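In this document, chain identifiers A, B, C and D correspond to the written order of the chains, with residue numbering beginning at 1 in each.
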Amino acid sequence: MFQVILFNVTNGLIIGAFYVLMALGLSLILNLSNVINFAHGNFLALGGYLAFTLSPALGYWGALLVSPFITALIGLAVERLMIRRVYNRDPVYSLLLTFGFAFVMQDAARYIWGPNGLPLGLPEFLSQPISPTLFFITWYRVFMVGVVIVAVLGLFAFLRYTQVGIRIRAGTLDLETVASLGVNISLLRTFNFALGCLLAGLSGVLAAGQIGLNPNMGDDLLMPSFIAIIVGGVGSLIGTLFGGLLIGVAAALTTVFYPSASEAVIYAIMMIVLLVRPRGLMGEEGMMA
Amino acid sequence: MATIRVSINRRTLIKSGFALAGSQVIGAPFIVKSLADEPIKIGMVNPLTGVLSALAQSEVDGARYAEAEINKKGGILGRQVQLLVEDSANDVGTGVQKTRKLIDRDNVAVILGDVNSGIAYAMSQVTNEKKIFHIVPGGHTDPITGTSCKWNVFRICNTTTMDANAVTPELVKKFGKKWFFITPDYAYGHTLQDAFIKALKKAGGTFEGDMLPINNTDFSATLIKAKAYKPNVLLNNMGGLTQINCMKQFTQFGMQKEMALGGALFELESVKGCPPDAQTGWWTMEWWWNQPKVPEVVKFVSDFRAATKKTPSARDWFGYVGMHTVRLAAEKAKSLEGPKMAKALEDLELPPDVALQPGKVRYRAGDHELMPNIFVGEVHPPKGEPDDLFAVSALVPGEEAAGSVADTGCKMVAPA
Amino acid sequence: MSAEIGTGATAGAIGTRRTPAVPKWVMLAVVWAILIAVPYWLPLLGGYTALAGRVLVFGLAAMGLNLLLGFTGVLSFGHAAYFGLGAYGAGLTLRYLAHSTPLAMLLGTLLGGLAGTLFGLLIVRRRGVYFAMCTIAFGQLWYYLAYSWNDFTGGFDGLRDFHREPIGFGPLTLDITDGGNKFYFFLLAVFALAVGLMGLLVRSPFGHTLRAIRENERRARFLAIPVERQIWLSFSISCFFTALAGTLYALLNNFADPLALHYSLSGYLVVMCVMGGMRTFWGPLVGAAVFVVLQDYISSMTVNWMSFVGAIFVIVVLFFPRGLLGMRRTRKSV
Amino acid sequence: MLEVRNITKRFGNLVAVKDVSMSVRPGELRAIIGPNGAGKTTFFNMISGYFPPTKGSILFQGKDVTHVPAHLRVGLGMGRTFQITEVFPELTVHENVLTAAEVAARQTLHMLPNRADAKLANDVAAEMLALVGLGAKADRLVGELSHGDQRTTEIAMALAQLPRLLLLDEPTAGMGDQETYEITTLIRRLHKERNYTIVLIEHDMRVVFHLADYITVLDQGGLLAEGRPDEIAASEAVQAAYLGESQ
């Protein structure tokens, strides 16, 4: 039993790492632009599908590198053409806009790639388990966690040490001041949105290798990302990181004892957090008000 | 994508969908034609969007194919047939609404659907209330022709019990009696697992299992448990995309080296969605296209491929049988009234060019369940041609797998 | 009664300085006449009465939501939860407790309304997208609960084996079981009663404080309006109305399923409000009618209906942010 | 009426107001002036209860209200307007004022319209609209009115809460001469004819010297001078402070 639990904690961290990547992108956009991107799951699917289409030409590794950037470019276009127009309006409009656009994207994926599930081929060695006892950890999962760690570190370094990154962080705290310093807020937000989509696209390629592709694949991952953000604390990327890992582990552990509640449990965690510590585990006071 | 091509081309006389809406709105009440000129309308409600869309689409394709075939041969009772397809979006409320729409507005004579048993059941409440003949081509849970059976409802696909009973002896004989179940937590999964457990207990076996959310994407936690249990057979009762994921993770974790894999259904659409190393295990098919010894099947498959550019699956066959069942029932009853068609269909035997398999295939009068053969065998990666993915090892007669009518719990009540 | 009440409601709600070309009572008489006559004119246009029932149910849910969204200016993107809880409450009552339609409606409304009331306490201090996010996530909690609790709720397959029961005793019995015109009129009567109440509510001093909060929360606070309490009450009341609509939905389908709790339905309700005009009293009903009918037709035309529905969202947001009824009003910054 | 005793406000290391006292008698019109950054607004915000002072106390009608938050002070009889116009733009003038009257009449939980309630609040609203001269524009949306009329609406809203003390934060801010004249006349009328006790902050010295009975001058957070308009006009310290500003 102890071993089963230990396995599941490990496993939960792996799943959680995946939520983190998705939730960080969502969180970036939410913090700077005050927009909940309902289409985030669809950008994820888009990244996966692009990898599927590109991998015959570029190979798996080429697709892994290229498709997130194409996803980001598409995100950039979407932001410029549509989302930008609703920034200064009542939040109901940005929600409806991304919500509706999510429908269009999902349908487009179904139209282009078909309603059936598609597998994304992986290099042979990645599909093997790392050892007979740790059979549930395939090299692919190790690889996935590795990519997530690199991506998260890269993101934090970017936000910390580059000028654009610093502006994004500053804009999160006080957009007006940043604007008054002569920073082009509109471009900053566009770039930030594209950055969020880049992370979604990367998540998509990784997810495609694990669970395959289908037009609805983003839907099931969107809600856990929301929860990761709420639990971790809105406004705190570190919080999102821990939130994602926490719910990953919680869901995996629940599967040991009462599998059919593994989805419900993450919502229960959210309720408890809202009750006990409304601003989230690492959220700052006032951010959510 | 096949979906749009078929559904739009057939239904629209005018190119634009909106223009069609307009024409129906304005045209319907004012154009009065003689009844003989009016086509017989058959309504199908299926989840064309959502996780079951691939299966639903196959049923539509099969039904479309039959529609064309029937019309070419002079229609039903001398009238042409028109199939109207509505999307239930895998949502009960929408499914019920679309059923009412087909009955109230389009005046369909018959309703077909839904792949989702829950929606099929909710639809049957409506059709029963309206006394409309209703065929469920592909919703598997037992109650539809069991405890909740209705005089107007007939079913083509097997019950979950039939599938479980058909494959269990084969699995027990080949691999052993210690089983582990991975089952989706909804009616289909529950009835399927219960059926397996009943059959397994009869054989004196032991088991353990997990009930997982229906859209579960990660199976590692459960597979960890399964591995610890060391079963002879691991049964994957999941459906659709979830089943594919489960198969993939199963093979990724190398579990096939330690235990056999199997289950009730692993449909052609799903097998094709798996990478080659996950195309494995012992399963049932409710119909299989590769029956070289049956000339009707050989002809059907080649004609179907010519018309639709794909190999027919069991789902295509369900849709196909559904349409022909309407024809057979109407022609025997010489009427389109629900009660008369239902009466006519009881114990009606499908002709070979519809049954498309050896032996006798009939709708059992007691529970309105079709009694076809169940194809038990092994799934394997493509051999020769891309759709040759299954080797049939046994044909189990449906009646044998279904048990008696009393076992199903169906108490048929005649129409009031 | 409703016509009379509605008159004031419109006046209070819209608060426009313009004198409409047509007197308000005439407008209202027309609205109710159209609604009452549905079973006679809808089939002539190729519709069917069940569709009108659906419009009324979603219209009521959206109008309930709009008390919060349009009249208090607070964005809930999780109202499907209370709608669905209403539906499940009614269904569970009919299935397990008693074969009584009024009791089912009462308990369903209470279930949804009280859940909203309690949850409201947790989130009244949140604003804007954060409020919305909490409501979505809370809504999904119920979705997964209904979805996972197979034995009680029927899980993914939905709650079945119940149906609406005739109302009343002996000779005064109203038999709504057949789902025809009688049931439509029953729905309409409940709808009228609820809408009448809403009309009174928005005209009341309480209603005025809500609009003050929507217009300028800071100012409202300095007027000594207890903003949090009023938002909480508004959220709660709004949940009760939406839950009532949910009970009607269960009666309409003789079924309750988890999708009635899913956040996509919340999105539909919000778009109904916005499409019809969320600053107007009747806007959500108009939005519901347009949305339900369009979705019905488009989804019969093409399997790509999702694209069309999504496009409707985008078009409404980008080009008609004030909605169909709102367009009559002055165009100002939104 | 209003008694401010030695209040100090610190924001971190910054002392915004230090040790200021002020006493306002019933029926008085008190103006608070001072150069930019003198701490007027901070001082005013403590009186209205926007935030509490770091030290010192505030008494209103003999009652200690130092830590009573703003919205509760309204209930005690302190009405206020804001430097930046704060109205409900998509409601009519009448609805703006009516809402204020209803809140003051403690009807915020009345969820059904009620004739008696409505009459009570409506009468107050109508009276106040007539008093400020907006009766003719009662059914227009406030958002469509001129800036001056919006400010006037604000005053009507404050009056509709039946305050004993009226706090006006730069009532003529952003106004042209004509509007300034009108609003000054209105305030004068409220003071002289209706006998309201008023405390206001104002930049426009013409307005201040025209209206005020008594003037409090703040500079660099401290009390610089206090006295009748003629005394203040003659004060060298005040002149120096203002000159300092203009350099």
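Here, contacts are C-beta pairs under 8 Å (C-beta built on N, C-alpha and C of every residue); 3 or more make two chains touch, one makes a residue touch a chain.
Because the structure is a prediction, the values reported are computed rather than measured.
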item	value
If a chain touches chain A and chain D alike, it appears here	C
Set of chains whose contacts include both chain D and chain C	none
Longest centre-to-centre distance from chain B, chain (CA-based)	D
Gap in Å, rounded to a whole number, between the CA centres of chain C and chain A	32
Computed distance of Cα centres, chain D from chain B, in Å	76
Euclidean distance of C-alpha centroids - chain A vs chain B, Å	37
Where chain B touches two or more other chains at once, by residue number	3-4, 49, 53, 185, 211, 213
For chain A, residues contacting two or more additional chains	107, 110-111, 260, 263
Contacts with two or more other chains, residues of chain D listed in rising order	none
Chain-chain contacts as defined at top	A-B, A-C, B-C, C-D
Residues of chain C defined as touching chain D within the complex	8, 15-17, 200-201, 203-209, 211-212, 215-216, 218-226, 230, 233, 237, 279, 330, 332
Chain C residues within the chain B interface of the complex	43-51, 54, 144, 147-148, 150, 154-158, 160, 163, 178-179, 249, 253-255, 257, 259-260, 296-306
List of chain B residues in touch with chain C within their complex	3-4, 7-8, 11-12, 17-18, 20-21, 24-26, 28-29, 48-49, 53, 84, 86-87, 89, 91-94, 96-98, 100-101, 104-105, 117-118, 121-122, 125, 129, 141, 184-188, 190, 211, 213-214
Of chain A, residues touching chain B in the complex	3-4, 7-8, 11, 15, 107, 110-111, 114-119, 121, 127-129, 132, 135-136, 138, 140, 210-212, 214, 216, 220, 252, 255-256, 259-260, 262-263
Residues of chain A touching chain C in the complex	30, 34-36, 38, 82, 85-86, 89-97, 99-108, 110-111, 223, 226-227, 229-230, 234, 260-261, 263-264, 267-268, 270-271, 274-275, 278, 288-289
